[in-house]
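Have a look at these structures, which come just after this line.
In what comes next, chain A is part of two complexes: it sits with chain B in the first one and with chain C in the second one.
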Partner chain A sequence: MKFGSYLIWLTVAVGAGIIVLLGYFVDVQMILEARESLMHWAVILAATAVFMGLVNLMMVHWNRISTQSKDWIFSAILVVFMLEMLVLGLIFGPDHKLVLFFFTYVQLPVEISLMAILAVVLVVAGFQLIRRRRDLLSMAFMGSALVVLVGTLPWVIGSESEIVRMLGELRAWLTQVWAVAGARGILLGVALGAAATGLRVIMGVDRPYGD
Partner chain B sequence: MFDAITLDFVGMIVAALLTIMILSYILGDNKLFRGATHVFIGVAAGYAGAVAWDSVIRPNLVSPIFSEGLGALLDFEMIVAWILVIMLLFKIMPVTAKVGSLPMALLVGVGAAIVLGGAITGTLIPQSRAAMHSLRMSEATSDLGNSAFEHLTNAVILIVGTLCTLIYFRFTTGARDSKLQIIERPMQILRVIGRVFIGITFGAMYAGALMAAIIALAERAQFLGNVISEILGIF
Partner chain C sequence: MTVDILGFAILIIFSILVVVLSMISRRLPIELRSMKAFDELRKAVERSVEAGERVHLSLGTGSLIGAESAPGLAGLALLGQVASATRMSDKPVVVTAGDGAMAILAQDSLRSAYQRAGEPRRYEATAGRVLGLTPFSYTVGLPPVLTTEQISAHLLLGSFGAEGALAAHFGDRQEAFVLGGTDDVPSQALLFATSKDQLIGEEIFATGAYLSVGPMYRASLHAQDLLRALIVLAVLAGSLWLTLGGGL
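Up next, the complex of A and B:
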């Protein structure tokens, strides 16, 4: 039984993967139509998975509330706000002014505030890096960061002096040549890694859907 | 006094309180911060569910049945979609989770193909072409300098930096063959150069993120100032 079901799942994953991948490079009507249907089903399944994630989140926090475990009040807050937003969204739709009220006055300010405290966290992390690790990587990191920061400061842009002009040019050279070279290498490395992972799934070597 | 208290004003007060609760993290992890993050997770999760329902599930699975009746289920795409969704729902219970493996396999296969195709057509080919084009004088931009010497120097830095960074990510064991061991030493030097380029890139990204975060912090401070002045104006 295990052998049979494993083969079905493998066939579905590999078949779907090959058809969708072929759609990128082959202009055959039958393949394009099959690819469209597969992607349509995948989108619906992904949306269903979002709901299942919500159910799982609800069950985990409901368990913490019912057992009165440590800091259960935070779980209660989460469940109340999640249900409230979900019910309002399901009844009125995500564009209704009541839903947008919570989005504008709860979600947006919290997101911007989390971004704001990132300033403090980044400065602290930078200082700790200088204090604890003094190798080539950290020196290049801090040197580059300082040049970009000082070269972008308003007094640097507003000033006409020779040193300030040179600092601005150094910043531009660093960000447009040196940093681009590193970023391109990192992007190519990430893309190669992603392509290798995708190939392993399509070839059936990795089977995250189960054996 | 109460005429001035509108829904927007209440929202502004809520936003200000949440901002203070989040910014209290500067003093260390505390209950106010954790309360605000749990509110945020609850609202964001609920909103994500509402968007998933409104833009995918309702128009594709529910609305056709309401508009066309059960006859809509005779459509092949529709019936397969319903069967796959029902099978996926079995994943919620550990006992019946195996039934949901088939739609999971389809989701993983399609996702892997999209990732693979996206990596090839969206990153590998465009970035490789950009690296090659940087060597061509005819397609040079002013970013690489105006004179031929400046352009050549910068193009060499770009190519060397890209290759050394890629070599840095090459994790393999040392070669046992004595002939291959000859190239190990130069490879180590190239890896060190790659480390420098990665450090410079992350430094530039760090500076960019820090400046964006400082702008967000200034905006929040200004927002809190505006809220205080509004409250003082009312009372």
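Up next, the complex of A and C:
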């Protein structure tokens, strides 16, 4: 990229970043309106980027089909269904029953099935964790996960057994004291890290839009 | 006109700290503590280049406009370094995202990294791609990438929800090196269980500093540490004040 065009991107990014950031701290009508306009532009640009992303996805899978790469048939199915949904959406609109039919009976069940697989994956991962890393942190992680899981089981609720009562109290202590304290500490670090990343972009140090 | 003075003051202090620390760091370099995840990352990238295999970087399923963009931007900081390290490999790095804008930024970062390295012809537009626009459709798109592209290092640095655990598991099944880092606290717990190495808490934002992207990255990491120490002290002082009966 040439030096001149690089300066244009930098100025636009830094200027827009400063205006949007100021809008959070300063209650000046002009800045608030400028921030609002910039946010609207960002939404439009993001929508365009989604379209570009779909073109990119199509290109990748079209290449796989044309070169007959391994498992190219799945790419062909993806391209066919992508075009079909695009055509249906453009002709009938996104709320038409035919479009919703494919969403409800294809997309939704697939995503719910993945959630179900996730539960199994996590159980397997728990066992693998103990096998791979037998350190104090992993043991504490698995131990507390087990206590919280057992303490949340349906038979615990309403039971008058002394052991079950103690288990419930232990679970509450872990989730309300240790987990909350840890999560707050992590969130504080994450917030500062995110702020630092944003500041670097505004200062023009981080230039994800290229040089 | 009303001004949120406290928030604005913290932001100004943060900015000044970053600038001052970056100036001081040239004269008084501060050592960073060793972190296993970053050491393993360097080794995994080197192994991939030597074995003629590919590194995959996932920027997560978060959008560029929103609070979840920050970990994705941290992932982009890593991308430049990985692209530079793998530029001589037969199989250069491939980046995937669940957001169109993030994929475009990934392509731009890749193009810039190759230009800086003097290898602009290594750039391919399809090396930065969108896999799916919903979290699980993105995750479903991962296994074909991992198997057909011969991935041996699977880096997850971006915004992930529960689907991050599945994404890490797919890499583990491929026997690839898996590094997971995200900003979401529950997802960090899932990544702890499913990935070989993980970046906990703000460690994902330390990527640039640990991989020597530039002095400002180190300075911003030190500024974060200083500011966090100040906030912790303020919280402790406030707790003590209330315990001793002081009013708000």
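Here, the second predicted complex is superposed on the first by the 209 of 211 C-alpha atoms of A that agree within 3 Å, B and C clash if a C-alpha of one lies under 4 Å from a C-alpha of the other, contacts with A are read in each partner's own complex, and residues count from 1 in each chain.
In this section, contacts are C-beta pairs under 8 Å (C-beta built on N, C-alpha and C of every residue); 3 or more make two chains touch, one makes a residue touch a chain.
Note that this is a predicted model, so its numbers are computed, not measured.
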item	value
Touching partner for A:141 - first (chain B), second (chain C), both, neither	both
Contacts of A:192 with chain B and chain C, given as first, second, both or neither	both
Comparison of chain B and chain C by chain A residues contacted	B
First, second, both or neither for A:24, with chain B first and chain C second	both
First, second, both or neither for A:105, with chain B first and chain C second	first
Contacts of A:208 with chain B and chain C, given as first, second, both or neither	both
Partner chain(s) touched by A:82 [first = chain B, second = chain C, both, neither]	first
Set intersection of chain A contacts, chain C complex versus chain B complex	21, 24, 39, 42-43, 45-46, 48-54, 56-57, 71, 74-75, 107, 110-111, 114-115, 117-118, 122, 126, 141, 183, 185-190, 192, 194-195, 197-199, 201, 208-210
Residue numbers on chain A that touch chain C, as the complex places them	1, 21, 24-28, 39, 42-43, 45-46, 48-54, 56-57, 59-60, 63-64, 69-71, 74-75, 107, 110-111, 114-115, 117-118, 121-122, 124-126, 128-129, 132, 141, 183, 185-190, 192-201, 203, 205-211
Contact set on chain A toward chain B in their complex	5, 8-10, 12-21, 23-24, 37-57, 71, 74-75, 77-86, 88-90, 93-94, 99, 101-120, 122-123, 126, 136-146, 148-149, 152, 173-192, 194-195, 197-199, 201-202, 208-210
Chain B - residues contacting chain A, complex	7, 11-12, 14-16, 18-19, 22-23, 25-26, 34-57, 60-61, 77, 80-81, 84-85, 88-89, 91-92, 98, 101-124, 127-128, 130-131, 143-144, 154, 157-166, 168-169, 192, 194-214, 216-217, 219-220, 223
Sites on chain C touched by chain A in the complex	1-4, 7-8, 11, 14-15, 18, 63-65, 67, 70-71, 73-74, 76-77, 97, 99-101, 103-105, 108-109, 111-112, 115-116, 125-126, 128-134, 136-137, 139-140, 144, 147-148, 162-163, 165-166, 169, 172, 183, 185, 188-190, 192-194, 196, 200-202, 204-206, 208, 214, 216-217, 220-221, 223-224, 227-228, 231
